[in-house]
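Chain naming follows the written order as A, B, C, D and E, and within any one chain the residues start at number 1.
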């Protein structure tokens, strides 16, 4: 049953170290010293990067398409064969995930120094489990391992958001995130299973082939289900409300999960099933328009945010909107390129923001960033590079190259492409505005460092690494697109110039905003916009409260279960008792059995009274019975 | 032959009614004797001489005699009689209805077409009782034995159970 | 011959436990564990020992009361072997969990062993009268377990449990006797009766009798009223047996006999099963969200999971049936794990009210870790047997009708709501008024780890379950196929 | 002949009425006698109509039965009269419910 | 011909000898005499099992039913003797009741039917009033008086049947005219009284409470079994009358429901057993009304399963001395395991749950009803068994309660009878093969 070993079985080595670290940290019942915990976590976090670079080497030297089967199983007529897959898409995403993962874990060694050992163990165990799950999903060659990784990420995100178990908002945010992502998982599971029925096998390529062979209507349904799964996981409209509240988790979690890797899983899903989606144009259109709208909505709401982490959260929503826009217009290569660069500069922004917040006594509001430039020069510089790359300052930053690819792809896609291009440009401007607001505020003079201690080496290395990546990442964009087989469309000159001008105008507007105080107050006043058009409140009213009312009615507000459906037989009997029996005034009966025998007890009282104990009644009963029988006999003779 | 039996039958019916409705037990007992004798007359009319004789000898003689001994113990003071009459007044409608309900089908359903045959000689009854029915007579003796044992046990004077 | 030992051993073991209680120092506990252990060994030996009929792992037929047409006809295939192992294994877990209860522990262990013996009987016997005998026998010892060692309004709940199941059993009794008596030569051998053709209308009636008993035992709404009370007031060991074992007998019965004996009836009543199951799945899940007592919450989750099993069984397609079988095993482990853990909290804190619990993450980290395992199992997280079962059922439902699949998916989503609520109330947050002071002992931890790892084992290596179940599923499909055409 | 059977039925009815209506134990015993007279008459009449000895044979058995019942009835009456008000049998009813 | 009557003769002899020894000899002498006679009679029946039937022409048959009836009568009388509470005339009366039951079981003629019934009833009156306490006297009175009315009704029926057909064997009730219908109605009324079917049942609970438990056991076992056998014989001849089956069905539904309902909250155990005897008569009547007459083995098995349970339960009640109420029974299983186990098993058997023979009895009951598709009856039986479960298991729990200070004194023979009854319930429940086989043979 275990197939012959091939070189691709090395793929198993990529998620293995992280899984091993989780096993040791999470489940081993032995006491681990604090330093040992950090060491294991670090090993578990960085080893996948090495393994992945090994696989990248293999991929670059030509054999970039290989499948490593794990085991096969016969279920009825279908064959269930689990396998890992190495192809350009999984290699690029894998490399990004391992790189960002390593950086964040190194950073969190220093960042989480304050936590107790037990909590630290739990934190690192979950981070490593997340890493293993994400890598499992990325490298999965079949839908079962894929879905296993997909759901495990949701579970880790719940536990990590609710890491600080004592703060109720964090736990509530965790529950909200898990429930909404579970809705998405349900849709995805539906789609995958429908494909499994059609394909009779779980291999993704077989699924896609079977999907293409399906009739038009069924294929659209499956594509919509997969899209639903992607939208939910990547916090796109209409499933976006959980991401801003997920910021309640620690910053490394936000950096790794809720910005770079997990939320982009939706885009990866769409890229993985791109051929199937391409075959249903209307779903592509929905994805493109949805992506563009989410991008615009995300960037617009980000402008009005008062907390830097929520600002970055809305920025992630917006940037992933860009990726889905690119996928929607049929350019998965551009989307994945933007995914790589976005992972780099967004995690940089989060890590830098985290360090600045540390210096301001863990207050992540933008106002608290005043004077950050002087307090934490390196973090400030990193944040500035990140912001530049996010807004896509021309030529100098990685963000520019990948956004340029996306904009070109949108423009070149014809049809609705032109309108979407204009919307994308407008979003680019707004992105620049919200990106540079915190930078400009940080330049203003501010209070001295709350607890002065120069950040350790563990904080500085990731910032430098990611900063360098955000700047030179652009060089990677070309080879990535070529590797993914994307075609570089020839664009008219004016599009490049306009794309370059957009971030600059955004920077200028942002400069104006930081200068005039009344504009700043106007911004602060816009509460409606800050809460993202209060869609969250809307969901609360439409979905959560009615569900809660239903639950309370069914199971009783204080939980003493009337359980109407279960008690139906008993309530019916009680009703019958009231109608038929209560006319006989029966004497008292002890309460212990009342609940159960309530229905039968008055009947018993009637029966008992019939037992009057007088002999004459016995004879009368006998006479009555005989008369009855005689009449019956006489009639039926 | 059956028409000759009708008159004593009517007397028996009347006597039975009186038995049940009298206040004093002695009067009731007297009417019971009258009923039994009337029935004996019916039996003779029907040619069942043996049955009639038995009726007079054992039923009217022995059983009623036992009754008389027991009746002696009853105090028939005037207020006891009044109480008895009052009780009867109150409670007779229910039982009367039940009995009427019971007799309705009986009267409706009963119908004997067969005529009358010559009287049955006593010898035939003896042959029957000590022929095929011998076991029945033995069993009857055990019935009486059981009654004897019970009566003796009940009538014991000293309290020792 | 050895198959009868699987019943005699626990029965006589129970009687012996009654007297062993006087010897003191846990004599009856080690006796019970010993008996169950030997039972497992006998089971494995029987299964490997091969049998005359290739279809069955082990087969034994011994005439018992020829005048009545009754014989001890035991046959074990993959599904029954799994159920028997489950029954013996959970019996052992139940014995270990109640290592402290010392009131009349002789009768306690006797009742435990008799319940296991009775359910072994149900899982093995193919003579319908013997099946009915063991079916009704299961009720009495579990009634004792709840009534004497339970807490709260235990007698009322025990009585409710007894009346619901025994009266429902009447349906089975009537159908069984009439089925046997109407055969040309009076016999209760299920295989012979399966061969006799019967008109569809009669089959539906008979199946209704059978199904009533099984569905009430499976606790699918509206017949589930006894489950929450029985679970809330049962002792931990009782809950484990009730959830892990008794519910499974209902599921096993629905899996095995309807298709074999009444194929047309099965096809006629399948839609009813599907509708009942889908209503139950949603109703159980929603009810679970509203509970304030932890055990009641888990009880309602059992109602939901068992309704999904009912849907799987009435699906009539390969995936649905296989999913139902896997879900039966998965739910046994996950429900037992959660009941065990909640029982452990109750022993320490004295209350199961969710409003008073909490803060276990800080005070009992080991407990929190294992509870997370149980949490992910009840949540049907991929990698657990529950997910495998439910995913297969959903696939089956897609083949039957996509609405049913949508309902199971919704139930899957709602399961997150009550699972996270349970976790939030028990593990997260500030410790309640009576905090749990001392973490899980090594005995308790080993039990929890065994149950948890079993769920993961069958989740990650599904072939351990699926390959043995395939012949059972194929048999059901074959009998349906013969009729469908 | 049918008139005789009506009479038998009537006697049986009157006996039954006596048992139910009268409150005194002795009257109930008397009514028992009247009641048994009914079937006795029926059997004798039927036997006579057919000229068959079995009718009178049954009469003998009924006689035996009546004697036995009177025996037990009266001795019970004497025993009960010591412990309860035998003139009103309704008072003898502490076994009930 | 003589061999068939030998058992009856032996029991009669035992009765007479016991009567003679009663006043003078040592207290145990009458008991031993009666027991010896009964054992001898039982042995004779067992020895003659394979022998061909040797009926006594008009009155008594000697087929399987008669032998089963005689055997049951002897065994239950022996068990009641085992109670050890019968004084002075007790053993003689017990023997006479056994004689009556044996005669009734064999009766194929109106005379033997009447005599069997009356011997059993009047001897029972004697046994009821044995302790001469006010309660027992009242119970005796309440059994004698309606009993006399019942037997008069039966006689009236027989008279009409004889008038109509001129025959006195059981076939007299055959025929479709109104005379035969009225005769059958009166006959059914008489027999229903003896079976304590509702509305003729009012004497049963009072008798079970007032009389000593030994007498109640005898009434419930020997007398009832013989009446059921008599009805079985009639059922084979009489069914021409629609009244017979419809009447039985109506009586059955009433007794099954009222029997269980009235016992719901009864504090006293003996009264519960009284009501359960009414209910079980209802179950038996239900089976009879569904034409069990064709294959009576199931009904005989029902009796064989019901009797030990009834005797065992009453035996435990007897050995408790003062009234066995739900409070005084607490913790019986821990105080004296044998009595506790016996009562628990008896209750489970009456409720119809496995291990005890009652389970198979319930299967036959429900199976017959389903077979005859008598849905109203089945509904009544289902509701009744639900209520019954509640009644019996309310006592079942109390047995295992931890508090409670019940004291129990039962002489060795009583403990032996308890053991025998428990063994009987277990063997019939777990290994019914041979018994059912013999019953099928007996009733072919």
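We adopt the following convention: contacts are C-beta pairs under 8 Å (C-beta built on N, C-alpha and C of every residue); 3 or more make two chains touch, one makes a residue touch a chain.
As the structure is a computational prediction, the values presented were derived from the model and not from experiment.
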| item | value |
| --- | --- |
| Touching subunit A and also subunit D, the following chains | B, E |
| Between subunit B and subunit C, the fewest steps along chains that touch one another | 2 |
| Neighbouring chains shared between subunit A and subunit C, ordered by label | E |
| Centre-most chain, if every chain is reduced to its averaged C-alpha atoms | C |
| Maximum centroid distance from subunit D, chain identifier (CA atoms) | A |
| Greatest separation from subunit B - chain, by CA centre | A |
| Selected interface, A-E versus A-B, where C-beta contact pairs are more numerous | A-E |
| Cα-centroid distance, subunit B relative to subunit D, in whole angstrom | 6 |
| Inter-chain centre distance, subunit C versus subunit D - centres from mean C-alpha coordinates, in Å | 64 |
| Separation of subunit C from subunit E, taking each centre as the mean of its C-alpha atoms, in whole Å | 41 |
| Distance between chain centroids, defined by C-alpha means - subunit D, subunit E (Å) | 26 |
| Residues of subunit D engaged with two or more neighbouring chains | 5, 9, 15-16, 19-20, 23, 45-47, 49-50, 52, 54-55, 57, 61, 65, 68-69, 72, 76, 79, 89, 92-97 |
| Sequence positions of subunit A contacting 2 or more other chains | 593, 596, 608, 611, 613, 615, 619-620, 623-624, 626, 630, 633-634, 637 |
| Overlap residues in subunit B, where contacts from two or more other chains coincide | 94-95, 98-99, 102, 105-106, 108-112, 133, 136, 140, 143, 146-147, 150, 154 |
| Each pair of chains that touches, named by its two labels | A-B, A-C, A-D, A-E, B-D, B-E, C-E, D-E |
| Residue numbers on subunit C that touch subunit E, as the complex places them | 64-68, 70, 103-104, 107, 118, 129, 132-134, 136-137, 139-140, 143-144, 147-148, 155, 158-159, 162-163, 166-167, 170, 173-178, 180-182, 209 |
| Partner subunit C, residues of subunit A touching it in the complex | 1, 26-27, 29, 71, 73-77, 80, 118, 122, 144, 147-148, 151-152, 155, 158-159, 162, 165-166, 168, 171, 174-175, 178-179, 182-183, 186-187, 189-190, 193-194, 196-197, 547, 550-552, 554-556, 558-559, 561, 563, 565-570, 592-593, 595-596 |
| Sites on subunit E touched by subunit C in the complex | 333-334, 348, 351-355, 359, 362-364, 366-371, 378, 381-382, 385-386, 389-390, 393-394, 397, 400, 402, 431-434, 436-437, 440 |
| Subunit E residues within the subunit D interface of the complex | 110-111, 114-115, 118, 122, 125-126, 129, 132, 134-135, 137-142, 144-145, 148-149, 151-153, 155-156, 158-160, 162-163, 166, 168, 205-206, 209-210, 266, 271 |
| Sites on subunit A touched by subunit D in the complex | 608, 611-616, 619-620, 623 |
